[in-house]
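Report on the following structure.
We just call them A, B, C, D, E and F in the order they show up, numbering each chain from 1.
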Amino acid sequence: MPKIKYFFQQSWLLIISSFCFGLLIAITNAAWSPRIVQNKIDKLNRLMGGLLPKAHNFQLQTELEIESAKGKKVKSTIYKALSDAGECVGLAFNTSGPGFADRIELVVAVDDNFQNFAGYAVLASNETPGFGDQIKLPYYRNQFIAAPAAKLELVKTGNAEKIDPEIVAITGATVSSEAVLEIINNSITQIKDQMLKKGLISNDK
Amino acid sequence: MLTDLRVSCAPHISKPLSTRSVMIDVIIGLVPAVVAAGYYFRIYALILTSTCVISAVVTEWLCNKILKKPNSLDDFSAVVTGIILALSLPPSLPIWAAIIGSVFSIAIGKMVFGGLGSNIFNPAMAGRAFLTACFGMLMTSWTVPATIDTTMPKISAENTIHARTQATPLAWSKQAIKTKTGAEVVNEQFKDTFTGEVGGCLGETSAVALLLGGLYLLIRQTIAWRIPLAVLASAFVFSAIGYLTDNTAYASPLTHLTSGGMLLCAFFIATDPVTAPLTGRGMWIFGIGVGAITMLIRIVGEYPEGIMYAVLLMNAVTPLIDRLCKRIPAGGKPSA
Amino acid sequence: MILADIFQLWNSSWPAGMTMLALGTGFAIVLLIASEKLKVKIDPKIEQIHQALPKVDCGACGFAGCGSYAKAVAEKPALIGKCAPGGPETAGKIAEILSLHISDSGPARKPMVHCRAQTDDKTYFATYQGIRTCIAANALANVQACKFGCLGFSDCVSACKFNALHVIDGLAVVDYEKCTGCGACSKACPRNLIEMVPFSQENMMTVACRSYENGKTTRSMCKVGCIGCGLCAKQTEIFAVEDNLARLDYDKYQLTGQTKTAFDKCPTGVIVLCGPTAPAPRQPSRKPASATA
Amino acid sequence: MTNEPQATSVLYKQTLIAGLWRENPVFRLLLGMCPTLAVTAAVKPALTMGLSVIFVLFCSNIVVSLMRNLLKPHLRILMFTLTISTFVTIADLFLKAFQPRMSEILGPYVPLIIVNCIIICRAEACASKNPLLTSIIDAIGMGIGFTLTLCVLAGIREILSTGAVWEIPILPAAFVPWTAMRMPVGAFLTLGLLLGLVNAITKRKA
Amino acid sequence: MGNPASNILSMKIATKGIFTFAGGTHPPQSKELTAESEIQRGPAVKQAAVMLSQHLGAACQPLLRKGNMVQAGQKIGDSDAFVSAPVHSPISGKVKDIALQSHTVLGRSPAIIIEAYEHNPTKRPVADKFTEEFDENKYSAEQICDAVRQAGIVGMGGAGFPTRVKIEPNPQFPKETMIINGCECEPYITCDYRIMLEWTNQIMAGIKLARKASGCSQVLIGIEDNKPEAIEVMSTVIEKSPNRDGIKVVPVKTKYPQGGERQLIQAILNKNVPTGGIPPMIGIVVLNVATAAAIAEAVVDNTPLTHRVVTVTGEAIDEPGNYYVPIGTSVEELIEFCGGVTQKSAKVIVGGPMMGIAIADLTTPITKTTGAITVLTKEQIGKAKFERQQTPCIRCGRCLEVCPEHLNPTKIAHAVKNNLLDVAESYYISGCMECGCCSYVCPANIELTGYIRTGKIFLARQKKKIPE
Amino acid sequence: MDTLNILLTGFISIVIINNLVFTKFLGICPYLGVSGRIDMAFGMGMAVTFVVTLSGTLTWLIDHLILLGTPLEVTRYVCFILVIAGAVQLVEMYLRKFFPSLYESFGIFLPLITTNCAILGLCLFINLWGIDNLIEAVVLSFGAGIGFTMAICIMAGIRESLNLADVPECLKGAPITLITAGLLTLAFMGFAGMIR
């Protein structure tokens, strides 16, 4: 009995304040969490909207698990882009894979029947500034726009302007260039397959 | 009877050697490499070299002034640093970048640690590493020697980017490792790497010039023979392992030894006494470490060349090596 | 309406509150029990120091946290002042705690340099080219003629943590304003020139010489050395000459008329007054003392 | 610290200024080095970080100062940790809600404020011993000191690594950016040299 | 190397040394200045200052007072301590004073100053009063030890350890091997060389006496191979003398510091004296050739140690040579006797240039351990050393390479310089014998040996725990 | 084999390539403070390794078993720090009581570690990297500790030899340590891209 009394003598303040702090956090969270969720959505919208300018609205379609080139499981969320008129103008999904220094996370957009790419955006990467982080620059990214959504190929020289499956590597950063390609190539086929299986897209078009 | 006597501790005589004479020896040893650089890369090589030397010397002078230290230019170590830095730069580097490199070498690589003898990292390599981190693109573009029309891809205006980055034999061998073919092409370049008619840093292309200078230093006993031997031997062994497993993907050991900065490193960089271990056993470990890390980076890593990082990494562990290889007195450790 | 809002807020936040409550209570119980059950005895002094420290465990002192610094500093008071977050305040507290245990009786001891020869007063046979420390110079024979005098290479200066010693023109001089009487200098001097003397008065007199050479030799080596003439001993018994050197009995020291006379009569001026308010030592009278003749 | 009434205002001023220079948490006390290095690649995140630290410091100093007479020795540190982590969580939520970009850049360095030694140190050394007002002033002084230091460091790194400050180009376009300054090397070197400079200045003053 | 000792016994005399130690260096020999100079009579001194402390161990107490008369060879100072040796007067005369005199090691130390009579006969070096047939068995071991102590013999190779203590049987460390040190590795000095050439029989006699006293079974005479004549002469004498079993000359490589006892033992026996230990611990006694000669004289003639051979040399000396000098002669007088100095001298060194001590006060008297006076000019010292130009250590490792004790001189010296004595100790500062090799080779011209010496003194002071 | 490969590369990566100190700036305070002597540095490194492994595992468990996906997620930071602090303090008391010699050699570092951001930082990064497998979390935490040990030991070696160097007065201590750390990160860039 005296032990319990001693315990409360020592720790009443702690107990009370931990409860209060808990409430404080929870209340703050309750107040701000809508905004936080909204921010996340906004960001995705912004990124995907940049890739699919025609899209007005994005709709969560499904979540898939794909296997990266190194055998790691990666989760991918697929969104459907809807135009003003509500028709599907493309699909966008996030994916990731190993880059030069760390993992590279991308958002990739394709047109609605996996015919052509609509481009990609970098969600997160840790490539060397000046080298690999040029994958964020438009001159490299633009090569993907409207490229056919099949196996892309990396070349050292070529015409970057031309729309074809040949992607010209960033000077001095072949590894990062290749990594982007690998991630995209790898995920596009798997996602396409899985979605076909699920019947979310049809093969006929 | 006698006037003006001096007293001091024994011994009262000393060998006719000085820090300056040691450094001048190194400079003499570097002359063939500088001459070769001048031959292959023409006047711009000499301009780069003198820029590096002058800015290194001026930086040292300034640092001494700022830190209120006695002038230390007469030991010529800044000149050595300048030359070695220059020899490790690509021939097309702009002058301003070379200046930044030498200033970094001397100021951050050397003077902040207390000047000659106190620095932990090889100043020239620290400067080069900084340049690489800052201006990676400039530091990885190569021009081919002015003397030749080489079998390697040519440099021309329209055929720019990738050709330049592949102009060194090591870039070729890196490619060979990736594609698992083509190492023979690299090995065929052996004669060129020996004379120096290949792309690469100013001072690393001509193996024969480097060997000449290295031999001079060995004969003069300016450098400890253990380090060059250990570096070359371990690099040889590790590259031979690769070569024996797959000679289409991995270049031959001799190519590895003669190309890139390997010889420059073995004779002039890894041997920098200030940043290498003191004891004989330590030198072996250091040399083997440099050779092994270089080959690790060349074969497994992403960069075609690994000398600079290998030297810096081993510099970092030099104090630990020195501690590990503490000498045991002739009479054994004292019992008490 | 508001009520409903509050109710909803409460609804969504009580789990967090309860978790924190549980966590807090849990840890409080565990820590309290542990601190009871796993108590170890430690030196109360260390404990005291530990209490005085900020207990941030930041490692800025170079030790593994406040606990180990407290232990180290208790053993080695020279480490006082390493705690950056605590600053001078904490350093002062630690010093206080530690000094409780250094019992001291009698007047504070302060250093006194037993040499007063500056460069011009000394005789040199040769130019010293060796290592510029007193201990190295002292190991070589006859770096300066007088084997007993101050070498002026500042070993004591570097030993003093309080910047209270300076070599001025080849002679170590104590700055009594700054001196804490720690005695480090006295241990550093290879010629044992610095003696820790009980300062029974603000300023003390001393015979600033340690030379046991006979008067003639001393004269030949040093303009201001003690020649053992005995004039001071004739004035008052607190001076005594032994082995060609006058000494002062510090325990008996009193500034009386006789001491003043002894002070004034000393032909070489080797008797000096030291202390925070002592005047500069007088110049030696150049003419030989009549009494010795 | 004295309690004489007429000295208090002077004291407050001193406390405020102490954090800026004499007891600058980064330069003099060498505390909170991790965020100092990690978030100073550019000025914007550095300022955000600094403001977050000010907020946490401010709130936790208030709470600790209010509770200072109720603290029990065994559970004191636990209490501090609890307080600090609560406010850090709030700061983190705030950034996520209103500064999503900064929140992303700062990443886990915001929650790491919990273990930032500055805050525990101030709680321990100042707030748990002083009345409310002194603690608040101390928090503000220290926080501003920390923030300013971060900004100076970030300014140097940003201008060298991009030629811009606050993302506004300053240097001519011909300037080739020193990318190394954006990397860890730049962080360590700049802070090291800056510390050396501060040491040199204080030496000269003393 | 197998068992080197037995190899030696079965080896025909070779004058090329294969035996050596690891490390060491090759300073210029410069022995040609005096190598051909026979031992000559020294100055007839008017005054001799006999230091009361000329050896390791307790200093002597004076046995007479100011004004007393003394005879040449009379004992004038002694001590009751075990590790000590009496001192004797080299001349007949009057005690002028007992006062402090400059001492090479101790700075100022008490000495008995004797003023010579007008008609003082000076002792002259005798060619070789001993014959090959000398038979040590006439003397018992105790007799020998006693005579050695009474004659005040101390090691004449440099350290001055009382020889009686060394050769006397010690139950704790039974002795097996005696090494006679005739290396004389120090540049310039030739006194031991001349003694070996001129007093060969006397040395042999001393060796046999010392062997008898110590009970060693084996005697190895180590001589550097730059002295082939000495090797010849010594070997011939051994072959001719009776009881020569186990006595052998071992030519060793010419390398500094081959004459250091630890190096000599390592070279010819391939054994290492423990760090911080002394040779007796592994059953070895090392004696200098001059010490051996002194033993013979002391035992047979009852002559105390009052004179010794001193090499006066250096380019600054007019008539360099080897002189038989009364102990107590001042350096100044001796230099004057050799014709004074020719060029502008820069340094007067008691001993050789590698280990000798530069003195400032030329009234310093010769002691039993003074083997040489070397007067160097500025040119010989070298500009860098003379002007004390130092650069920072470039960690070239040369000092490690030459250190015969396999230490890390630069680490130790730097630790001492930065007052990190515990670091210095962890690098075995106590193992340094101050041979000077490291300082000699250092391109940065750092006084490594000086710092190490300083560190040792520092440590000794620290350990002594000065009372507060 | 595959998982083993992933674990191994993950381990090497966090020790050498993504070293906490050099690339993530975690644990800089002890890195500056306790790197004066090698024995201390090694003790500190070992203690960090122990604590980081322990807390990496614990927090991963708490995160995945309790917090993730519940409204309690907001209290994550509080939970983490309390778990770390509590666990460390308990271990410290336990060691001090029952294994005094072990405590002397590495337990003394424990309290210092609680306020070290390497620990909390790693727990957060593990979460950030989306490690969803306990073994991987353990291996990564352990690797992070080893990486820290390596970094601090190298630094201690360098600082011990800098003790004998003639570093300018104003750069002594933390400044030169930071500069050295900067050059070290340059050197470690050599391993970049080696493992992906």
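Basically, contacts are C-beta pairs under 8 Å (C-beta built on N, C-alpha and C of every residue); 3 or more make two chains touch, one makes a residue touch a chain.
Small disclaimer: the values here were computed from a predicted structure and weren't measured.
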item	value
Neighbouring chains common to chain B and chain D, by label	A, C, F
From chain C, the most remote chain by mean C-alpha position	A
Cα-centroid distance, chain C relative to chain D, in whole angstrom	38
Gap in Å, rounded to a whole number, between the CA centres of chain E and chain B	49
Chain centre separation (chain A, chain B; CA means) in Å	44
Chain A and chain F, separation of their C-alpha mean positions in angstrom	30
For chain E, residues that touch 2 or more chains besides their own	357-360, 362, 386, 388, 392, 411, 447, 450, 453
Per-residue multi-chain contacts in chain C, two or more chains	12, 15-16, 19-20, 23-24, 27-28, 31-32, 35, 56, 58, 60, 125-126, 129-131, 136, 139-143
Multi-partner residues of chain B (at least 2 other chains)	4-9, 108, 112, 114-115, 117-118, 130, 133, 135-136, 302
Chain-chain contacts as defined at top	A-B, A-C, A-D, A-F, B-C, B-D, B-E, B-F, C-D, C-E, C-F, D-F, E-F
Residue ranges of chain F touching chain A (in the complex, touch as defined)	2, 6, 17-18, 71, 74-75, 78, 129, 192-193, 196
Touching residues (chain side chain B, partner chain E) in the complex	1-22, 72, 75, 77, 114-118, 224, 273-274, 276, 278-280, 283, 326-336
Complex contacts: residues of chain A adjacent to chain F	21-22, 25-26, 29, 70-72, 98-103, 128, 175, 179
Partner chain B, residues of chain E touching it in the complex	21-23, 25, 27-28, 187, 262, 266, 272-277, 332, 335-336, 340-341, 344-349, 351, 353-360, 362, 376, 380-382, 384-386, 388-389, 391-397, 400, 404-408, 410-411, 427-428, 430-431, 434, 436, 439-445, 447, 449-450, 453
Chain F partner contacts - residues on chain C that touch it in the complex	12, 15-16, 19-20, 23, 27, 30-31, 34-35, 37-40, 56-68
